[in-house]
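Here is the structure we will look at.
Labels A, B, C and D are assigned to the chains in the order they are written; within every chain, residues are numbered from 1.
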Amino acid sequence: MTEALAAPLSDADATIQSMPDASPAKWHLAHTTWFFETFLLRDHLDGYRLHDAAWPFLFNSYYEAEGPRHTRASRGLLSRPTLDEVRDYRARVDAAMDALLDRPELAPLIELGLAHEQQHQELLLTDMKHAFAHNPLGPVYAPGPPGNGAGPRAAGWRDHPGGIVEIGHRGPGFAFDNEGPRHRVLIEPFALADRLVTNREWAQFAEEGGYRAATLWLSDGWTWVQQECRKAPLYWRDGEEFTLGGWRERDPDAPVAHISYYEADAFATWAGARLPTEHEWETMAANEDSSAGNQLDGAGAAHPSGSAGLFGDCWQWTRSAYLPYPRFRPADGAVGEYNGKFMSGQFVLKGASCATPRGHARASYRNFFYPHQRWQFTGLRLAKDL
Amino acid sequence: MTEALAAPLSDADATIQSMPDASPAKWHLAHTTWFFETFLLRDHLDGYRLHDAAWPFLFNSYYEAEGPRHTRASRGLLSRPTLDEVRDYRARVDAAMDALLDRPELAPLIELGLAHEQQHQELLLTDMKHAFAHNPLGPVYAPGPPGNGAGPRAAGWRDHPGGIVEIGHRGPGFAFDNEGPRHRVLIEPFALADRLVTNREWAQFAEEGGYRAATLWLSDGWTWVQQECRKAPLYWRDGEEFTLGGWRERDPDAPVAHISYYEADAFATWAGARLPTEHEWETMAANEDSSAGNQLDGAGAAHPSGSAGLFGDCWQWTRSAYLPYPRFRPADGAVGEYNGKFMSGQFVLKGASCATPRGHARASYRNFFYPHQRWQFTGLRLAKDL
Amino acid sequence: MTEALAAPLSDADATIQSMPDASPAKWHLAHTTWFFETFLLRDHLDGYRLHDAAWPFLFNSYYEAEGPRHTRASRGLLSRPTLDEVRDYRARVDAAMDALLDRPELAPLIELGLAHEQQHQELLLTDMKHAFAHNPLGPVYAPGPPGNGAGPRAAGWRDHPGGIVEIGHRGPGFAFDNEGPRHRVLIEPFALADRLVTNREWAQFAEEGGYRAATLWLSDGWTWVQQECRKAPLYWRDGEEFTLGGWRERDPDAPVAHISYYEADAFATWAGARLPTEHEWETMAANEDSSAGNQLDGAGAAHPSGSAGLFGDCWQWTRSAYLPYPRFRPADGAVGEYNGKFMSGQFVLKGASCATPRGHARASYRNFFYPHQRWQFTGLRLAKDL
Amino acid sequence: MTEALAAPLSDADATIQSMPDASPAKWHLAHTTWFFETFLLRDHLDGYRLHDAAWPFLFNSYYEAEGPRHTRASRGLLSRPTLDEVRDYRARVDAAMDALLDRPELAPLIELGLAHEQQHQELLLTDMKHAFAHNPLGPVYAPGPPGNGAGPRAAGWRDHPGGIVEIGHRGPGFAFDNEGPRHRVLIEPFALADRLVTNREWAQFAEEGGYRAATLWLSDGWTWVQQECRKAPLYWRDGEEFTLGGWRERDPDAPVAHISYYEADAFATWAGARLPTEHEWETMAANEDSSAGNQLDGAGAAHPSGSAGLFGDCWQWTRSAYLPYPRFRPADGAVGEYNGKFMSGQFVLKGASCATPRGHARASYRNFFYPHQRWQFTGLRLAKDL
């Protein structure tokens, strides 16, 4: 699957890195395999020898317990190993993993490795989109499906009476540690919009001076707008937007994507609404099919409008800071660094995007990014008090 | 009162600014008066003429609705107006305020102005401490009281059974808009320490490698430790600490102060505990006398140990991000910028410090700073799950 | 004399620092006295005790051989010692110097200390001008003389036939080490303008797009123009300029001042001319009275036009990099750091400005600044090949 | 020739950029061809159509007269066009050039294009070396020749009596505009070392505290040493150095390379000598065979010791700032930006390095770099006064 996503890429495409937040496609391929090699094969397969003793230094992302590692901002200098060498690495590690698949005590770790790889599938696509967007030639990753031209659809509200709700992963099935423990939360009555905010609505916000009206913005957001001279979502250019299929005419009725938390918050204020909390969103999504909606099915397509439910098209900013749930404890060992140590300064996003592998998301899933970041498929769904 | 705090300062002392986060003492004196002149006299007193038409540009802090203003980082260049001219400004505005004191519809705004001035009294002291600490001569603001030499006191735990609690200001009396609306929150059973963490405990944390153990730290915190080469709280130097009374031997049993959120969180992890949430803290403090404890009584003294209750000595970091309460709405007009626009990226602190004017704090009070900041009297009180 | 320059300043005025390149007035007063205390009293007067053992750390500028010192960018935080304490320091050191004045072997070092103090007299004025210019109130240092309203004067050329000339200080009298050794240089025939470029000419350059025409500029200069958004000399604002007498209407026929090397070079290119070399300028000046022209006589006045000779009004950028003369050797000991170690990256300026103490300048004098700097009274005089 | 230098590189190798000063190999290949396409084919061949109208934006380096261009620091994001597409571009432009080769009026421009390409051959090697050095795997560009193991050779001095000498290109043959006009210069008696400073000597300088002795350094150099924590030449690691053949044991008797001007100057001071001026060097080299010595012959080899003359192994820092010769005029049109606009802030280097195409150098050649730069093969030869 990950290999399929890399299929349209040359060795050079897979090597470049457009900013420190992004990683080369080749690095994603190698890092996800390093995860299996390190935490499964090295730690649990007797006699396993590392594919190359110098590579863990290159492909460890942020696991302090695994020792020093290559500077994140320099990942784009690794023209070696080649893409083919990385593919060979993946094949060898995959083959070695066979010996561990029937050991039930390792199943949780293997599931974590698979979920981890799915996350990097999405990152591979968003990082590649970012890199190609910085090439004035505007390369095409893959020709995307056309917009569905469904035309505008009026937004409605779905009400919730509030009260005590249960939050967090209940099982069965895999979940990340940050989705638990499941616990009760008291929420107030609210309503959640039944669709995402669209490009058409965003264009109106921009045209009516949204990016120039200081009082709509959080203080940090206004600083960001001014320092970065923001006037539109990332990847907008006149009436076009950059997609994995290159520069395209913008579909006004598709969900707006690639916006920061600051932008999402300012838009909601302008619209007389607010962002939902993560609890509100999760409660509404509890009975939904998280694998419906416009998600990744091989192509990493641009997002036509039309996801009827809460999942798909874009990750949705919530007004909840990314913090530990009551009684949260990170896992022991290096994999305990997976989620817990990022619990400051970031906001939770819910849902799933057009680049999320179908089946990866669920209602309790907690994605998180810094409020200024927007290279992911990030959008918003309005909420209001009742 | 504010004038009394400035009494030990020369015109030059009151002019300097040691970092963009801090402001000159003179600026604090003028800004708090600008607040009254602008939102009371200018807006509500017929025929009032500004003291000096050029000064609002200098002394507006961050009110976008009030137009452009002097660059924050350049406040330390204002050798003019002189300290005496600012004192004269204060006297004239105070006198003019007389005409408004009996207008009941203005009482809330006047109360806000007074509370605002109290906040700047604390900032005047912490900013002056920061400035003097950067002078190699280590000037003395005011000779402080001696430490009480009470010796170590073992920490105990106060338990809470959890359940639905009420959070936020209930009244009567003044509160900032961010303390409401009052609402219900469901919390889990927990325990809160009955005293603050001390210098002695912190020294042990440092000696046992707390600042070198990556896995104790949040990811952003570890980056901060490394980039800034942190090894101790702000103002520590060998066995001494810098105080408003100059360099002093450090009292091991006084509460540790001037630590960042990152440090507080790492310490709590090291200690096998955690920081409290703002709801937990507020619930425990609901029936306490918020004006007890070691707070400001004229001298802005360094903090001897010994506050028996939850208030005093240090503002206490919580693990709660500073976010709006349900149904929160900022006030209309420029004063609506007072609190709401800062609701991203910061953490809530509870309590009161040795530099907080007595009577200013209350259980529902929500102080907030960025996680790296530590020039305030910031400390910590541990919590744990039950 | 230096005290007289500080007379119009308050303690606060004398404390502030508007950028790392500039120093507080109080610091200039103390540093020049530190020079005498250190290199004369401490090193040569038996039994001399330092006025305050903590002060050399504060007032050493850049003498590595004298050990560590206070960070340059933090000089503006020194509200203590006070201005009066510094004046007392000066009086005591001056008094102690009496015992050394009749020791002939110390005469060169005393002369160096006096010349050093004259340099800081000029810096005190230019630094204070910079600081006041950053105060939106535009304080007045001293009411300056009016412009002379002489009206435009056409520029003429003075020719030189080229050949072998002698360059460098010949004596008698004091000179800095970088003015020697005197040596021969072969120059080509050239002409030098008989007056400085004026504000009127500069305004024409700006109006005709000088700041937007990339091909007029050195590559580093064009980067500077774009990054800093330069459109005019420092201190220009509409038809006004900031002076030590505050904001004034700009005299179109006064010499343009406060320009960078990059601007001077671009202007010369635009004018079909070039900047002179330091050798050309010195040769032309060899027989001039270096104490004529508009220089400092107590007031540090703004520059009216009218210096008939080569000295006065503005230091003049040359196209000569500041490099050692053949066989140049810095003096032994710490004072050897005075000039030699700055011989990279800077350009030579010749002449004297309206802030240079009369008698301080001479034809062989080599002033030097980085090409982007412009807070000194820097102007230009055109040259051309014959 | 240039293609041969790129032969060992993959598409990914040829795409990466390790710092803004360096460019990708692919970019060098395309840029040198863009030079021919733009200034020859487009401007002088009737009916010529650009290979791709979008490419000039990508491959213009710094010619302002040719309009806007791709950001220099983003050259490493151009995974497209591919290396093969660039090779095809080169072949097509080469073929089209046939039609212009017999037009004598174009010969100077064609010679300039060829010399330009030779410069980029050297840059391709030094930039690739820099990129590979930043890959922890230390890739090998090409296995280099072994050091010659000649052992130490004592340095001697060659004297010059001084006097009036002629400087600058005399012809016949090609020269860059900055090598003229030829003119007379008066120089003092001096001596020049008969070989380059070696690794052995440099190691002694470092071991004896050269990098810690502030008084050896120019002020800007000392700032550079401290901010960058410099302790050795670029590419040194314990007893090894990074070469185009990967990490190798360092030959103590090979010339030291990859040093900054600041380091060269400090070494010379430490050695009781100085750097030569460009005039001194050129005068000594006037009768030498500039194509002798260790230069590029296909392999871009690491530098064994042993060049008997002044050319080869390393470019040699002089103490001459890179400034215009008397009566220098840049060429008309865009190619006038080739050299003249860089005449501030840089120092002249003379000679030729092991990566310079044989035949490219000559006595009057003026190479130039900023004093902190050291990714070129830069070394030093001592001089002294007589």
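Brief remarks follow.
The working rule: contacts are C-beta pairs under 8 Å (C-beta built on N, C-alpha and C of every residue); 3 or more make two chains touch, one makes a residue touch a chain.
Going by UniProt, the chains are A, B, C, D = Ergothioneine biosynthesis protein EgtB.
Treat the numbers as computed from the prediction; the structure is a model and nothing was measured.
Centre-to-centre separation between subunit B and subunit C, using Cα means, comes to 45 Å. Centre-to-centre, using mean CA coordinates, subunit B is 57 Å away from subunit D.
Subunit C and subunit D have Cα centroids lying 36 Å from one another.
Counting partners per residue, subunit B has no residue that reaches two or more other chains. Under the stated contact rule, the graph of chain-to-chain touches is a ring, a single cycle where every chain has exactly two partners.
Checking each pair of chains for touch leaves A-B, A-D, B-C, C-D. Considering their complex, residues 10-16, 18, 54, 57-58, 70, 74, 76-83, 131, 134-137, 139 of subunit A touch subunit D.
If you check the complex, the residues on subunit A that touch subunit B are 62, 64-65, 164, 183-188, 214-215, 217-222, 261-262, 265, 319-321, 323-324, 326-327, 336-337, 341-345, 347, 371, 385.
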